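For reference, chains read A, B, C, D, E, F and G in written order, and residue numbers begin at 1 within each chain.
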Amino acid sequence: MNSATLDQFFVLLQHHLSALFPTVLQPWVSMILGVVGIVAVFPAIFALTTVLERKGLGRMQNRLGPNRVGPFGILQPIADAIKSLTKEDIVPRSADDVVHFLAPVVLVVAIFLGYAVLPVGRNMVLLNIDAGILLFFAVGASTELSIFMAGWSSRNKYSLLGAMRAVAQMISYEVPLLLAAVVAVMMAGSLAPTAIVQAQGGFTGIFPHWYVFTPWGFAGFALFVVAALAETNRSPFDLPEGESELVAGYFTEYSGFKFALFFLGEYLGMMSIAGYGITLFLGGWGAPFSFLTFIPSWAWFFAKLFLAIFFFIWLRGTLPRLRQDQLMNFAWKFMLPLSLLNLCVAAAWRFLGECLGSGTVAEVMRWLVCAAVLVLAYILLARTLLRRQNIRPRSYRYAD
Amino acid sequence: MKTSEQVLSELLAAMPEVKVSLLVNPSASAQHSLLVASEDALRVAAYLRDQLGYDYCSNVTGVDWLDKETTEKRKTSRIVLKQVDGVEQSVEETVEETVKRVDPGYLEAVYHLFSMKHGPTDPHPPLVIRMRTGNRSDAVELPSLTPVWRSAEFQEREIFDLYGIVFRGHRDLRRLLMWDEFEDHPMRRDYVDPDDYEYEPTPHDDVLKRAEQQRLQAAQGGAL
Amino acid sequence: MMEGFIFGLLAILTLVGALAAAVLRNLVHCALSLSVTFVGLALMYLSLGAQFVGLSQILVYIGAVAILVVFAILLTRGAGALTPHRLIAAAGWRLGWIASVAVGFVLIFALVRSPLPASGDQAAKVTVLQIGQALMGPYVLPLEVVAILLTVALIGAVIVAMPEDQKEMR
Amino acid sequence: MSDLAIQSYLPPVIEVESQDELLEVAMGPHHPSTHGVFRMDVALDGERVVRLKPVFGYLHRNHEKIAEKTTYLASMPYTDRLDYFCSMTNNWAYALAVEKLAGIEVPERAEYLRVITAELTRIQNHASAIGFLLQEMGASGTPLMYAFREREIILDLFESLSGSRMMCNYMRFGGCRVDLPAGWLDAARQVVAGLPRFIDEIEALLTSNEILMARSQGVGILKPDLAINAGVTGVMLRATGVNYDVRKVDHYGIYDRFSFRVPLGEHGDIYDRYMLRVLEMRESVKILEQAIPQLPAGPILDPKSKPRGFRPKPGEAYGRIEAPKGELGFYLISDGTGNPYRYRVRPPSLINLTILEDMCLGQNVADVVLIFGSVDIVLGEVDR
Amino acid sequence: MAVEPDLKIELGKQGVFVTTLNELYNWGRRNSVWPMQFGLACCAIEMIATTMARYDLARFGAEVFRPSPRQADLMIISGTVTKKMAPQVVRLYNQMAEPRYVIAMGACAISGGPFKQGYNVLKGIDRYIPVDVHIPGCPPRPEALIHAFMTLQKKIEAQPLTGEARPRHLNAEAQGEFPVPVPSAHDLNPPVNRLVWPLPAPNPGESA
Amino acid sequence: MLGEGILKGLGETARNFVGSFVSEDRLTTVEYPEQRLLPIENTRDFPFLVYDGADPDAGLRCVSCQICEKECPPKCIYIVKSTDKKPDYVGKPQFYPARFDIDISVCMSCQICVEVCPFEAIKMDTEFELSTDDRFGGLILDKHKLAKSNEHFQRIHPTEAAEVDARLAEEKEKVEAKAKAAAEAAAAKTAAESAAAKTAAESAARKAEDGSSGSDAEGVKP
Amino acid sequence: MTLTPYLIVAALLFAIGLGIALTRRNAILVLIGIELMLNAANLNLIAFWRFGPHPELMTGMLFALFSIAVAAAEASVGLGLVIAWYRHSKTTDLDEMARMKG
């Protein structure tokens, strides 16, 4: 099997399997196979992620983490799943049972929809539509509603407060998230994820043309990551489930299977947003060096996905969480201006490229100018933010 | 810092009308205390805080002194008219009699004061002031010193809860430790615990006896 | 055939959602059924080949308007108990229903009677690129106007909804 | 009495537009962030706290009543369970009070042992307090894990000295219960040598972290005059800038022999409390570095002290020490029998909570949790 | 609960399948015991220490301390239960979803321990709720908690899903809600739940 | 600058993460059931009764003086004194506990019983794996469960046990020497001597019973 | 498929929206009704674009896009007004608002 077949292994598999059916049914079968693939693979990664997260956090905290269930604790999520599925499902007496039931279902369905346009490898995308990125954002927007449903239907103060926080936070960070993503869309000139990945395809020397290696791309990527953390309620933006104040946030009243669905939804959301981050800025399925292209594209995608997940875990193991008003301030007074500026810088990059022409000197000039503008803006904004909050390191006096 | 005696004399010099007296502590610690009449307590406290620098009230606590019954044998000599040799004479005679005296009990609030203003290096014993209630049943009011020292807030509530001293002028006098429906004052020395050892597995005689009793009761009454 | 079936489903979804929003007593339920209607409409746009509009519909109506409505309900303490029956309906509610039913009737009557183009077989493939070019080309003025309108509306909404004491602080 | 104008320190009253818009939340007694079984009845206007009433007693274990029914010595193991992080300092405070009451001298070696164990206790308490504070801030346990990693090492020392990790029951009236086992001093020296590295690690992880600074600077400010009036002690007091450390004030034990400084805060906010704990850990390490090599030989228990039949003369005494949480005092009244007539603990944790309401009013709910965490209380001591 | 009765019938019908399903179910339950984030007193610190680096309860997959009782499986009653706290404990237990387990950690939780002479101390939480495993000690060492945890795992593993000995949550008649005691003027009311805490033998010490 | 502290913190956790694979300091987990911490000699958990020799009934050092029962802070010890006597380690007849129960569901491991015991009869064990689902059967330890051999004591607390053994051996020697001397001095008055020994033992037991005296082992010597 | 069914659905939607706006007392619900009517109009636009003579010109579609944007603006201002009014008078009931007259 050569590297090209390996690269297209799953595509060919899908093709051959659907060829077994009559022609009329073939597109449908192919579609169903794709859906089955997504529904099988990502929850499996979710299961793996939970155990990796627990072990990774453990390692950061000088301990081992789960290691007794199955070899290296790898079967831990299966035990958790069996337990969760068979656990009693409690609906509080005063709760709105229909909405209470629908909330986790809506969440998971919406998040699965987001995977439809995510390219996980060369030619490996379920729906290659024009407005793929828009679909992702549309779907992301509808998860907010399901979170609200969960919080409201539980009829519990903590749940409702958690849901309000979550929704407010997600709406606020959706704006910088979108604006950060728009940079890549602008440059690629397309809303289709596959086109964006292809736009980052080539290599200069051994280095790839990923957007993250440009000033605006790096800024956009950083902004995207921060907004993504907030969008998926991960640390340090995990206020909606901030257990020190709100018990367990909007899913306080959920038990058993429905709680497991929320858990699943949350992690799937994290993985999907990480997937889009990879697609937009990290070259999607592309190899990081030109000499590594023989490794199949999907392997690169999943490798990057795991790296991104590790980064999320790393942050979670390190950072305390912000407060609600600081979170909002950060979104509106720091993220938003910076991402708007980044749009301008990206435009400038484009025009500078046309004005200065090609050549190494021009390239470096362009690079430096754009980077300088961004760094300057970052320093100014950060300084204002810190000064407004009156935050600074302190020194202390002693009495003998 | 000053000794309790010095504080007492300064207090009396400044406010001669207040009723304050010195109680001597015979133990090795020699931390003597000032007994303040409850009607003067707030003034004395304010003076101590503002003029004498006792700005820090560390410890506030209650003490329960039960009615004390003392029996003592007293020898009294009296002059008795007696027939001595047929003649009536007044003779001095010593009689021994037992006298029972009941000192009424009272509740006491004790405040330990220190000074932060006067030097963080000057070692000083605490200035102890105490107030006493009239008895242990109905006259259990004392003035609250919370207006003077905020630190007394919870501690006075605790005394109210556990000893039943009612602090007049306290901003929020509720039970602190026990639940609100609770009626007793458990730190009083005559408080009887609820009988809930019934099913203790500890094989002590009295517990076993009580368990047996409970069992019999349950068998008779069929109570749940 | 298939198309008709899908259309039927979507139409039912849309209309049932709208009807539920009209008659339910719990305000949050109304808002949620409203979002069902929005989803139905979005799917209808998608089935009509208006991908961009359909997704925008979800993004704007589910992600923003529905959430806004729900927030407004919570902020005005309307989310708690059910509204008593007598407080649901406005003063002239009978008249209102009669009027709306009449309007609907007239509209449908007019529709059925009027000659309509029945093309639609030619599946017009409109890409996002084309939409973008149109927006930046012939429609640039409306786009700018809408942009300004949105900005003004945003600022206006914030100022209107801001508590009095904070307004004075500014 | 009403003619008297007394300046009182009362919590501020927060104006609310309307009372019925308030959200009443009972945080606790099993709320994840209340360090056990503490409850706060909070009224919220949006996310702003407008009323806060602490509710105690969920761990009221009748320590004082039990102590009055039993002998002086039998109360010693109960003091371990007051502030269950700091059994050594609790032991010391109780022993100190009894020593004052009965006039018992403590041999020099025992004094050194007391200082060493007390300062180790202070370090592990402060480390855990920082860990719990960060836990409240949502740091998924990493600082707490690091703190407990060091705490385990210190607890090993305690265990090899006294036999128990937490409930040491180590001190006796007039000294300590047992002498050092072989090799203990070397182990302690090693542990102390490793502590600065740990403190550096915690500081690298936290001190300049912007999120920590943003959440703690300017939050939960306590003014010095209120702190003094409300009897706040320990780190809480010193963070407001008041120089009051019972180790320096009372010269108890042999603290005069060591050179150490008392770090003082300036703003009285959460960050100051956090930093003061870090700095105090460093000072404690300094004390330990001096005390361990100086440890003299000699007896560890005053010969007058005996385990049974201890009956001090009638009288009373109040003894106090600087426990990690603040001034821990014991007030004892003896009536000449084998049981104390009155046994009272002055719990720093309870009294430091007096100003919780003052600090929290007008703040965000999320801050309340932090402010509460920064007070560093242990319910065993609050409710006794 | 929806799954359980069906599962039960299913298990009853099929002979060979029972053991495997039974085992799988018990294996899942046993290896995914999520404790509730709930501490009472001294023992809570040892419980925390157990989850910390040196002892690392996470190895058993049990570090997922859930703050909400709905999602927790195990309630570790770590410390003195006072009479003021007892109603809350019972209420929390009632809020937990089946299957649920209780570990009474330390002397205080089992019997009131050293504080049992106190007027406000409950003489053992098993007066109100069923306790699965008792750990003596004051406080028990972290290893003792792990040992108790393993004892609980063994207990779960040995549970048959059908028949008389089936666990409480598979028994439709078993009690779901436990009566919450009410604090009254002198003591809790009722002072004991007779359904969980029957009258003991006259001299229980003798039987040992 | 914003982000600096966060990066520093991330560096710290990364160091620990990497360190956990290479350094023992950074991976402090002891996998309990398989691995155990090194036993610490002074560790105490619950009391046990020491017996000498092979037979727990015969060699029990406890003379049922009931001091520990009185001094136990949480009152978890229950002793019933025997009606007859049996010889102790020096051969002197002593009472023994007919029943000796410790309720370890109450015991607070404070070691006060060990401190006050004049006979070195009760010591602290290091066994902690006692969790059980049987509250009464598993947690109320009777004499037979409590009795553990001196070898066990020597194994768990070697230093203390060595001290105790030395002291006991010394005492035994003294007693034997005395007995020898007495035997030599008054070989004829065998009957009278045995009576004297009996009274001595009784007085010792009485002394021990009295709470104020007999705080040390010297008190028991005849 | 033909144009008519879409238009009928739009008409029904419009009627329902009108009904809500006319009959409900809660200001927020009235806004919901207005949103529904706008949506009905949008559906018309899209349907006409799709089945119209010149779909490649995209006029209807773009109009629908603008309409969505305007509707969002309208909703935000409307709800802002409702909240402001609620702050002022503690009611979202239109009848009562009318009664109080400010």
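Note that a residue touches a chain if its C-beta (ideal position, glycine included) is under 8 Å from a C-beta of that chain, and two chains touch if they have at least 3 such contacts.
No experiment lies behind these values; they were computed from the predicted model shown.
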For subunit A and subunit E, chains touching each: D, F
Most heavily contacting chain pair (counted by C-beta pairs in contact): C-G
Identity of the chain that, by mean CA position, is farthest from subunit A: B
Centroid distance [mean C-alpha coordinates] between subunit F and subunit C, Å: 81
Distance from the mean Cα position of subunit D to that of subunit A, given in whole angstrom: 44
Centre-of-Cα separation between subunit D and subunit B, whole angstrom: 28
Shared interface positions of subunit F, touching two or more other chains: 2-3, 6, 9, 12-13, 16, 28-29, 31, 73, 75, 78, 101, 103, 105-106, 108-109, 135-136, 139-140
Touching two or more other chains - residue numbers and ranges from subunit G: none
Residues of subunit D whose C-beta touches two or more other chains: 32, 57, 60, 62, 65, 77-78, 81, 142, 145-146, 149, 152, 167, 205, 207-213, 243, 248, 383
Residues of subunit A defined as touching subunit F within the complex: 56, 59-64, 314-315, 317-319, 378-379, 382, 385-386
Partner subunit C, residues of subunit A touching it in the complex: 96, 99, 129-131, 134-135, 137-142, 144-145, 148-149, 152, 160, 164, 167, 171, 174, 189-192
Complex interface listing, subunit B residues touching subunit D: 25-29, 31, 39, 42-43, 46, 50, 55-59, 61, 63, 110, 112, 116, 119-123, 126, 128, 143, 146-155, 171-172, 175-179, 186-187, 189
For the subunit B and subunit E complex, residues of the former touching the latter: 177-179, 181-184, 186, 191, 193-194, 196-203, 208, 211-212, 214-215, 218, 224
List of subunit G residues in touch with subunit C within their complex: 1-9, 11-20, 22-26, 28-29, 31-33, 35-36, 39, 42-43, 46-47, 49-53, 55-56, 58, 61-62, 64-66, 68-77, 79-84, 86-87, 92-95
